[in-house]
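Order of writing sets the chain letters: A, B, C and D. Residues in each chain are counted from 1.
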Amino acid sequence: MNVIRTLLSPRGAVFLLLAGLLIAVTVISPSFAEPGQLIRFIQRVAPIAIVAIGQYFVIVGGEFDLSMGSLITAQVVIAGNLIGQDAGRIFPVLALMLVLGVLVGLVNGLLVTLLKVPSFIVTLGMMLALLGGVMYWTGGAATGNPVDSFRQLGRGGIRGVPVIEILPYSVLVMAAVLAAAIWLTRTSFGRTVIALGDNPRAVRYAGARSWWVTTSTFVISALTATISGILLVGYAGVHPKVGQGYEFIAITAVVLGGVVLGGGRGWVVAAMAGAFALEALFTLLNFAEVPSTLRDGIQGVIIIAAVAYSASPLGGAKRKAAPPAPPQTSPPDGKEPVAPAHLGS
Amino acid sequence: MTTNIFDAPVPDTSSSTAPVLRATDLSKEFFGVRVLHGVSIELYPGRVHGLVGENGAGKSTLMKILAGVYQRDGGTVEFNGEPVSFSHPVQAMDAGLATVFQEFNLLPERTVAQNVFIGREPRRGGLVDQKGMVTRTAALLKDLGIDFIDPAARVSRLSVAEQQIVEITKALSHDAKVISMDEPTAALAGHEVELLYAIIRRLAARGVAILYVSHRLREIFDLCDEITVLKDGAFVSHTPAAELDTAELVRLMVGRSISTYFPSALEGTVPGDTRLQIRGGGNDWIDGIDLQLRAGHITGLAGLQGAGRTELAEAIFGAAPFTRGTLAIDGREARITSIRAAVRSGIALITEDRKAQGLALGQSVLNNALLAVRSVFSRRFAAAAAALPGVLNTLELSSRGTDQEVQFLSGGNQQKVVLAKWLLTKPRIVVLDEPTRGIDVGAKVAVYQLIRELARDGVAILLISSELPEVIGMADTILAMHDGRIVAQLPAGSSEQDVLAAAVAAPIGGTP
Amino acid sequence: MSTATGRGRRQLDTTAIVFIALAAVMAIGAILVGTVGRNFLSPGNIRDILTSMSVLGFVAIGQTLVILGASLDLSVPYVVSLSSLIAADTMAGSNARILPAVLAALGACALIGLANGLIVTKLKVHGFMATLGMGLVVKGYLDTQYKGTSGNVPWNFQLIGATGIGPVPISTLLMLGFAALVALYLARTRTGNHLFAVGDNVEVSRLSGIRTARPVIAAHMLCSVFAGLAGLLLASRLGVGSPTVGTQGGYDLLSIAAVVLGGTLLMGGRGSVWGTIGGVAIFAVLDNVMSVMQLNPFLKEVVRGVVIVLAVAIYTGRSIARRRARFGPDAPPPAPGPRDSARGPASASAPSPGHDAREARR
Amino acid sequence: MRRKAVMTLAVGAVAALALVGCTTDPTVTGPGASTTPATTGAAAESSTAPSTPSTEWFDQAVYDEQFAQRSVTPEGPADKPYLQHINAEMVSTAKYKSTGAKKACFANASISNPWRQTGWITMNEQLKELQKSGAISEMETRDAKDSDDTQIADIDYFINEGECDVFIISPNSTAAMTPAVERACKTDKPVIVFDRGVQTDCPVTFIHPIGGFAWGIDTAEFLNDNLQSGDKVVALRILPGVDVLEQRWAAAEKLFKESGVEAVDYFTGADPVEIKKIISDELAKGEVKGIWMDAGDGAVAAIEAFEDAGKALPVMTGEDELSFLRKWKDTGITALGPVYSNFQWRTPLLAAADIFAGKDVPKEWVLPQSPITSADLDSYLTANDGMPDGHYAKFGGEDLPGYPQIWQKRVIP
């Protein structure tokens, strides 16, 4: 029921948009709808969908993470330089990458929560520092791609699957991340994150460790950036450009998914659908052979239009500390309950 | 533009003059639900008209129609004999019909003067005359007898009472003929209420018609010349104040009489051991706090706004912890340095500002009610979730369901969600800071009933209230605070005068 | 006793903090520059710093307005480029066409700003997304319409970017002059005042009779016009228009960082243009010192990132307004009076603003 | 409010004070020989490129010139390509002749891509050698981070504060940097420009490989030779609006049109993820026979897209970046490695030494630019064994002291 209602609401706009774009692509190139092609499409979206999921937690908790792109780049370069052609180093380096991811998230989160610096600024600084640091360390270029066995995660898949021929590992990873994210949104942690985006004081006065909850969202976002980096190094290889701009793509995807910038409202599945819609748009532009110089313009118009459409009266404007008083006498379900019965008893 | 009303000639205030405002047969629907029907009211210059009724009776809707916030569906409004229809609050303001809303309509980051003149900043030579704004605001404040508000100060640095005064100043700057006030004293302490009374009487003496909405019946009787009662969106009665008493008024409001406003202690309530013992507690805002809360015992805390009551509550709750003195829970010394530690120790605080600190308004009833348990006692979460329907039932929460967002609930129901949130943590010490502020009589009684039940169940209770009858009616022991210190301890049943004297007058307890 | 002063000991004005930080950065910079045998205060160095302030300064002044209105403008780099191109193309080397070129460039920018403002206020799209999208649209236009640098700026117009009075470039003086005008606009015009109000709380502003869309639209238009002025200045310095000159400078994020560094709340309602100029100056001094020190360009980014966060951290740490202590070392001398408790800032129901603002608006 | 008023006053006061000492900075004067604006137009028109670059990048005259230069055998030492020059018109530098170690000031556009990073490393090793030989005392470098505005300020800073003996400028863009370069020339110190040019001939020498059209010709001819009319080529371009890149495409596009090869171009930002997506989509639409790149950065991802789609590998032109050369070797595709000679980063400092020695230098120092073919692939791979993927095969620093560790570790100063 809940799902259906959401689909029909303005917040479900992203699903309509996605469906429209996919249909348009299929009309232009019917082979796109073949299962084999479709699964390749999903494989390609997986890294973006995963960072969108990570960004969702940060945004719904009322913050921004602009450092995701640089973190992806850092992880990609680390994989290239430290794993190299030695398959035996995959697991130690993987562990190192996860530690780095957690560390970046912790630093972001703690600067935001303990030093009270706006997350926009903290993660902007982290974005500059991480990218600069990695470039300094590598002299701007990685040694080379990591071993193929490591890259399989982003590039390969289970072959011989009926209908779709190949089931890319990244699709499985994305499904796992999504499942974990959905589960997380239903846990106490997930509910607290949303409440935090809604009213941080109320959460603090309920005894929650809000600093830790917020920090955790940054850790989650950094971890999804790490996972995305692992998939991308497989999908495309090592390059300092990999990951660039992913923070804006992720934020755009999340907002397209109807999540309110400022927090307190949004659905993780819709955020992921936002990522799919964005990528379907790129694909459509590719298939439609739109002149390459025009693409950004079209993308801009569609983003504005889609966000405008999904901006419902409740979600469109940011809510301030004291939200506008709700209609005091007019809950849609009827009158206010007054004079409870036990008065007389 | 800002001709001072005090310079205006004093009009004849006898009741024979024509009403300055006459609203006839007003009706209003929301989503097909009638929230106001057939309501009429007349306001006369120089007279204070009380408007009472429970939450949902239609008072706010009526005010907002008069103020131009809502558009009426039916009926007529005449102002100064002319039929009017305001489509925006500012139209009403400009016409001379000002409203002081319950929610403060001030901008915290702007100065007092900028707030007073917002939207119609005076200009000189084409530029906004900031200096002129300050001077004129200072003059308006002076006419109200207020010399302690700096017109150039940022509103965020003012106390609630001061902000209230700024609201009234704003209304005055419009040269208002009618000022309606929605629960203006809700956030004020006793002597501040006196100040407001003085201001209102002064306004009335100058011929302004006042529409006064309050849940505090005593104020209605103190101030009002006549009283209109609404119930369920309909007109009930219009009577000169002198012809009514409290009991009769309550009967008119709720449709039946309440024999005892404050429920008495429940059977089986036994004062038990000391739950919380504070000796010499203090921090930057309070000092020398000696306090003992006992199981099954209700300690009332009276004091003026700014006396340090909320600071004491926040110190106990770890939000602004004690930095001096000792604190013991159940006889064992404890250190409460965070809210989390307090909640873990079984302390709950129902904060005075439920929208700012109590609720995440965009979240569901369910998620708000479970917020504290899941934040602190994750292991007890399943049990709490299972217990939730029962608790909500006990509190008689009225909502569409547990997935309804709390922003759509009435104040009383919102407060019940806050109470549910804390009940689910199974607290052993409950601090209630102004638990009945801005909620209707019915909900109030439910809160009182709950406090009694908690006491019976062996919970230690600290009840903080600006409403002296509430403290006196409920507490087994009454403490008075002044200037950050507890200055007096009075027995149950003390008179309001005694408590007030203790809270206002020179310290009794000996601290200098 | 006046409460204003009683409550007073008004905390250090935020703009003052910014300038103290600037002074500190300059002092450290002067020492560092001295270690490599250079003079921080030499005319050439001052000129270098001031020059790098000019363009970012123009953009940041506009960005301040938008942020005060609780919006954001990420489209500025593309508007900067567009303005430089329209100006250089229209001038086409002719002195006589300077005025029409300036008007055309600024007019186009104003239109973009108008579109931004309308999207934000009427379509209720968050400024972040609206201007991100608008930036892409303008970028698409630039990429389609222009192939590389274009136009020709006459020498008279180039003088604006190339001349100085002593070590002070004309462009910096112009920038400061415009900053003064904007300061005046904010303090002394109704739209300026209303911009603060709307940024502070839209609902209250609306109920107070402010047409809430207007100041925000005006802010967006002014922001784009200021980006256009930056583009004009760049055209003057480059001698041509360039479709990439805006993105080269990274003016979107840098201007936002400068505004926040200057003490303006990212969520609007409070801030000042002079603080922003201070923030821009901090960046300029930092860049100058790092360049003189010949720091590795990649490490420069690291330093920038760290400084942005730390500087804002120091500022936010300072600006948390505490409730005035009644007891303890910070407590004011006891001044009992009949109304003392009424005026007490310790009032609980008016939770300390900094405290509130902290959590409510990040 | 009062604060604002004070600030406003302060600004006014500063302005007033400044007016008292009103001086126009002596280094800032009009372009051309005279300082009067009247000559501006003439000076601009006399420069090597039109003052208003046309909306089309193609320029038949330059195209023809570069077409011819490709087949010219360069003059100069055979084992030092970075000192060779093509069709050089030598100019005397006698007036700069002076003894002692000189200070070089280098205004660099950026080191934001692997090509520039590799060159920058080489340049610094060259510097060390010249410092040892006593020709150059030090080099002060300012990096403009890809910003025209910053680079103009950098050059002005050098003029005012640098105490420079020679200016070396790698312009961030052609037209925009012209006035600043002219200001540097006014100091009467030698000015050396390399990589991208400027629209003035005031520098002593302008060092560059043959150019973008030559790249486009080499690559398009290669693809045309190996493909049929009607075959599809996907052109992967980094970004629009950069002249050295646009000229490559302008030449190639012309040749593709002539041969009937169907070419479709995309901007990739050199991001391999973008590249892979674009190729995947193209492969989903139909057959792709060839890949053309305006820079080899990210070439591997393009080949991998074919591999992953299970399609026949294309005929391809990349660059001499090692990642591409290695993938080329691994897959055995039909390919060409066009070169935008990275060794040109050695030449400016050597030219400076020559200038102070009073030796004649080419006015326009056109360096050889010959692509790597399948015939020399192996030798370049062997020569650059152990170098990182972002290294460029024709970096030309094999005889410098730090070779090979400095490049292998990619030590960026």
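In this text, a residue touches a chain if its C-beta (ideal position, glycine included) is under 8 Å from a C-beta of that chain, and two chains touch if they have at least 3 such contacts.
Only a predicted model underlies this, so the values are computations on that prediction, with no experimental measurement involved.
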Review point. Listed by label, which chains are in contact with subunit B and with subunit D?
Key: A, C
Check your understanding: By C-alpha centroids, what is the most central chain here?
Key -> C
Exercise for review: With chain centres taken as the means of their Cα atoms, state the distance from subunit C to subunit D in Å.
Suggested key: 35
Point to revise | Inter-centroid spacing, subunit C versus subunit A (mean Cα positions, whole Å) | key: 29
Review point. When the centre of a chain is set as the mean of its C-alpha atoms, what distance in Å lies between subunit B and subunit C?
Key: 41
Revision key, fill the gap. Here the gap between subunit A and subunit B, centre to centre from mean Cα coordinates and rounded to Å, is 43
Exercise for review: Enumerate the residues of subunit D that touch no fewer than two other chains.
Suggested key: 1, 111, 240, 267, 412
Point to revise | In subunit A, residues with contacts to at least two other chains | key: 136, 140, 201, 204, 292-293, 321-322
Review point. Listing for subunit C: what residues touch at least two other chains?
Key: 143, 184, 187, 201, 296, 298, 300, 356-357
Point to revise | Contacting residues of subunit A [partner subunit D, same complex] | key: 29, 31-32, 37, 40, 44, 47, 80, 136, 138-145, 155, 232, 235-239, 241-242, 244, 282-283, 286-287, 289, 292-293
Review point. Contact residues on subunit B for subunit C in the complex?
Key: 69, 88-90, 93, 105-110, 114, 118-121, 123, 127-128, 130, 148-150, 152-154, 156-163, 187, 189, 191-192, 195, 282-287, 304-311, 314, 323, 352-353, 356, 433, 482-484
Review point. Which residues, counting only subunit A, touch subunit C once they are in their complex?
Key: 62-63, 66, 111-112, 115-122, 124-133, 135-136, 140, 200-201, 204, 248, 251-252, 255, 261-262, 291-301, 303-304, 307-308, 311, 313, 316-318, 320-322, 324
Point to revise | subunit B partner contacts - residues on subunit A that touch it in the complex | key: 188, 191-192, 194-196, 198-199, 201-209, 264-265, 314, 319, 321-323, 325-344
Point to revise | Contact footprint of subunit A on subunit D as seen in their complex | key: 111-114, 117, 121, 237, 240, 264-267, 269-273, 275-278, 280-282, 284-285, 297-298, 300-301, 304, 308, 323, 326, 388-391, 409-412
